[in-house]
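Okay, so subunit A shows up in both of these, paired with subunit B first and subunit C after.
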Partner chain A sequence: MRTKKTLVLLLVLILTVSLISGCANQQKGDAPSAGSASSEDTPGGAKRIFMSSAYYTAPYGAPLQEAVQDKAKELGYEITIVDGEANADKQLSQFKTAVADGYDALIYWPGDQASTPPIVEYLNSTGLPWVALNTVVDDSVIDKVPCMIASDEVEIGRNVGRLMIEYFEKNPSDTKNVAYIEGSPGSSYTENLTKGMNEVIKGSGINILNEPQYAEYDPSKAMTIMEDLLTKFGDQIDLVVAQDGGMFQGAFSAIEAAEYVGKFGIICQGQDLIVKEKLLSGDLYASVAQDPYTEGSLSVEMLDKMIKGEEVEHWVVNPTGPIYADDVDNYSWF
Partner chain B sequence: MKKLTLDKGDFRIFWIKNAVPILLIIFAISMVFVNRTFSSWDNISNIINEFAIYGITACAMTTAIICGEFDLSCASVFGWSTVLFCLTCTAFGVLPAFLITMLSGVVLGAFNGFLVAKVRMPAFIATLGTMTAIKGLAYVVTDAQPIKTENETLYAISKFNIGGITIVPLVFIVVVVIFIWFLKFTKFGRGIYATGGNYEVARLSGINVKFYKFIVFVLLGACAALSGIMYGSRIMAGWAPYGSDLALYCVTVTVIGGTSLMGGNGGVHRTIIGILFMGVIFNALTLLSVGGSMQKFVRGIVLISVIMFDAITSKRHKA
Partner chain C sequence: MKSMSIRKIKNLIRSNFILIVIFLIIIITGIIESNYLSFNNLLNVLRQVSVIGIVACGMTYCLIGGAYDLSVGSIVSLTGVITILTINAGVSEFIAILYGLLAGLGIGITNGILISSINGRSGEAFIITYGMQVVAASIALFPSNGLFIAGRVPEGFFKFLGQGVMPIVIFLSIAIILQFILSNTQYGRQMCFIGSNMDVARLSGVRVKLNRVTYFAISGLLSAIAGIVLCSRVTSSNPTAGTGFEMDAIAAVVVGGTSMSGGSGNVIRTVVGAVAIGIMSNALNILGITAYHQQILKGLLIIAAVAMDILNKTIKNREMEHEKAYTG
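Up next, the complex of A and B:
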């Protein structure tokens, strides 16, 4: 009996170690598994790119990271993407490990703006080509970033604001009351979207009914918030605005359950499949484009140019703009 | 003269008691051959710098677990401390900021201790409540914004290092030595073990069990604040969500180290093994170019394997 247990334990441990080695080989393709594999060691001298993603598991992260992998493969690079878990210290540590291991280029997706200076400083000190992705870095170091691929978040907010004004022009209402669901408190994306939207709707007579309600990009939280807003404001609502497709999905479930579909307009931001479906069904008035796939591809393209010594723009802006039901075929959906 | 021999039984006991460190050594040696970078000083100093911040709180969490308690709010105390430290650092300088933040951690820990020891609320419920309240407080104070500090002294401290080792691991070593000393060699430490081992027996034996229940939360609050200060000094910023995985990390390394969640046994020296184990595994996975998704899976499998191993060997040891 005891021998059997020992054997089971040994088996589990062997499996674990094998798994780790197996994963490594799977990720490296045909790369040799021994030694730190700088580009000189890899077959054909393929250069290695390391990416630390602060929002690895976020819905927006999946297509973005897929694009990074696809573009890297297309351009002949080996890519490793790890989860930075929105922890700046962890990301700094991951980059140090990657640099020690001889990676040739780096991609940095920061978790928040305030914690970016020490990492930007470190990345510059390595002398390696690197790009910042998605989250705009802190103002104090923005000039020190060699290349930043990010949406103009304030412009996305302005687009949301323009759509709100346009909606009320097409659907006149005396009250212009809006229920507004935001992402995460303090995140640059949430704050900048609201900032851009407020810039545009100022003086338009549009009235945001609720105090800030943060669903933290979580559909279930958005559903709860929407239920509360419907209970509190009900028929007073003329328009619902959600800061992303996931939160729209949650809010729409609540609207559907309370049988409010069609009684007011809905606007959101994002290119989720649910957004496409609801645009086509007419339940969603419009969305604002922010394509994670394009953003991911651009990051590797820019890095490739930097590796080859070519000039790159300091800030490569991920295109944005309104999407209506008629335009859905012109965009990618995730 | 007694002959030095190691029979089968001795070997089995040695293996049961030291399985995790032995596995850690085997794994580390394997990694040296698999990836040259693993044994480079740059990488070793990186591992040491990385685990030290959370390690400080892990020592206090181990003490709380030995005493039969648990604190969910340490993550919020950590986030709040990064905020408070950065705010006060900008306003008053590094030393006052350090003292104010430490005091805040002690007060928050004492409040948890009061709820558990005096009001007799279950630690899970009490610290769940304070976890939410403290995070909310941090959001209110900062208007939910991340806080930066540009204090030059703090910047100099964050850059200070000896051969790549920053000030954080030095603080960690001091904390570890203090915890090991009082847990092993003082009456105070024995009181914590006795309280966690059997609360009623300890109480009937005249041990002030309420005091020990209270003090472990104070220690946790102080250590979470110290970890927050170290984190804030490393990245020169503070934000309420920072350190949200701290409580889970602390429990994980404590369990991997071999301290029982039932209380009454284990030790900080064991938790160091757990911290090293996790640090080495995470680092190795990155060096082996294992992607983020697979890293999560492997981490889970390793954790299950170690806990399963511990459970089976402990059962056999008792038998």
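Up next, the complex of A and C:
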């Protein structure tokens, strides 16, 4: 009797979870269910696009996915977006289910560069049009990707490095000490940004004060790291660099609480609203652009061309560059 | 006589292992980095551990009562999202805080009712609160669309909660109140009774179901308070901010010496556990140890604490058996 009750309760819980997850976002799901309608069965025969998003819940993911949905709707496609949880195995099985389910085109947002080869090989074997989005695939399969829409991550890092040099040219000091807060350990995005930055600042006399500190794109973790960096280095810091807007927000809260605002410069990357606000207030020296909306929109545009048999560029680069307080109006903010 | 005093010293070391580790970390780091021993840094550490510490206080009640609550991290995230979105919508910050607290309390009560209604033991509680963790995490993503939300928070009560020593005051006040209830009330004694043997407690007339609902309600409410303090500190909310908090809270409770099998524990020791983990993380950051090595050391501290707890219990049992045999 007791076991029966437990089973019933667990079943109710599972159903509730599924229901709420489903309601929470119609596009989010584990994978499309087998046997659902193909494009011929859908109303009006609209073609169906399937997207596996590695970073569904990341701050950058929301505007990007919104752009994918908007552009798909505009071009008359049905779109399903699922959470790949940055797990290559999961993403591969999601694609296999989608193919079995009769989807007409695929969008692949990889979680990490290194894990892309088997998925790229599989997607090519399906014969369906597909594009890779946001994360540059591994070098070994880069030529096999029909179309890739991504920022040059290393170039974003180079832009950060150029801004650091520019900051010290405009604000000369005896030392060029930088406190640097990174994203996630092992993430190719994080590593590429750091790689690009290091390329540019090499030989410039800029000194990164701390060992790698990863805030995992979480404002509260960035705040803790910044507090500790202020304790250790305090007045030695000339510039703080954060790899995204969320981590900038956390670091800034720590800087504000310790009454260090204005005592050194801050640079970050991203187009979050808080970044715009702090650029305008003068608390942030500059940011580096990476527009998720443009990127998402381009992915569907390119896929549309491929479906229609038109030629597409192999790598459509999402433009990046510095943003200063003077030109915030030229960019979208999220 | 000499062996007696050696045994006493050994017992003292074993039962205060964590305190000794904290003391050594403080001394060694303080020698290497003089800034480490500054008053400001001490406040930093306490502020940093206050959020997870508040969650851990609630978790202590659940563990003493014989169950895990895995939904706490998602409650922290959800509360933050609700509170910041409500404030951003222009609603009074007091109402926003109330909404956040009610959400946490509601989830906690739901957990408690579900678990009590099936007389669930720790296994069932583990699964049910895990289910609730997924539900709450999904709900947190819905209104925020997965985005981190910058708060448009005016100067006032909400901002005050996360500034200066307020997070520390909230954390320590909660710990003292919970410890007082645990050691000085019938409710506290019943908690230990239920945690050590639920069936006997029921047969003895203890209202087991009602009591168990309250443990989860308290845990949910405290997670909501932690979520509000966290958002106030960074004046923003992240729908995944509480991810992993459940394990950090359990680690703090266990490092503090509360039994994982239920029936005994101490909230003040949980404070010590949370502070120990915080002091170690802070020391490693200040010493410039890379994030990879930090995780290894944190894991080893937790394992050492559990091992020491088991060793203590084994030795105590052996001594009791020895005494019985000697007197009998």
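In this text, the second predicted complex is superposed on the first by the 299 of 334 C-alpha atoms of A that agree within 3 Å, B and C clash if a C-alpha of one lies under 4 Å from a C-alpha of the other, contacts with A are read in each partner's own complex, and residues count from 1 in each chain.
Heads up, the rule we're going with is that a residue touches a chain if its C-beta (ideal position, glycine included) is under 8 Å from a C-beta of that chain, and two chains touch if they have at least 3 such contacts.
If you're wondering where the values come from, they're calculated on a predicted model, not measured in any experiment.
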TODO: For A:Y56, select first, second, both or neither according to whether it touches subunit B, subunit C, the two together, or no partner.
DONE: both
Open item on the list: Taking the superposition on A as described, I'd like to know which of subunit B and subunit C A:E169 touches: first, second, both or neither.
Closed with: neither
TODO: For A:P185, select first, second, both or neither according to whether it touches subunit B, subunit C, the two together, or no partner.
DONE: both
Open item on the list: Touch test for A:P118: subunit B only (first), subunit C only (second), both, or neither?
Closed with: first
Open item on the list: In the overlaid three-chain picture, which partner chain does A:E277 touch, first (subunit B) or second (subunit C), both, or neither?
Closed with: second
TODO: Check whether A:G234 is in contact with subunit B, with subunit C, with both or with neither, and answer first, second, both or neither.
DONE: second
Open item on the list: One more residue to check, A:K96. First (subunit B), second (subunit C), both or neither?
Closed with: first
Open item on the list: Let me check the overlay on chain A: which residues of subunit A are in contact with subunit B and also with subunit C?
Closed with: 2, 5, 9, 13, 16-17, 20-21, 23-24, 56, 185, 214
TODO: Mind listing the subunit A positions that touch subunit C in their complex?
DONE: 2, 5-6, 9-10, 13-14, 16-17, 20-21, 23-25, 56-59, 61-63, 66, 185, 210-214, 218-220, 223-225, 227-229, 231-232, 234, 246, 249-250, 253, 257-258, 272-274, 277, 334
Task: Complex contact set, residues of subunit C against subunit A - done: 33, 35-36, 38, 40-41, 44, 47-48, 51, 114, 117-120, 124, 127-128, 131-132, 134-135, 138-139, 141-142, 145-148, 150, 163, 230, 233-236, 238-241, 281-282, 285-286, 288-292
- [ ] State the interface residues of subunit A toward subunit B in the complex, per the touch definition above.
- [x] 2, 5, 9, 12-13, 15-17, 19-21, 23-24, 27-28, 31, 33-37, 48, 53, 56, 78, 80-83, 85-90, 92-94, 96-102, 112-115, 117-119, 138, 140, 184-186, 191, 214
- [ ] Flag every residue of subunit B that touches subunit A in the complex, lowest number first.
- [x] 23, 27, 30, 33-37, 40, 42-43, 46, 49-50, 53, 139, 142-148, 150, 158, 231, 234-243, 245, 283-296, 298, 301-302, 305, 308-309, 312, 316
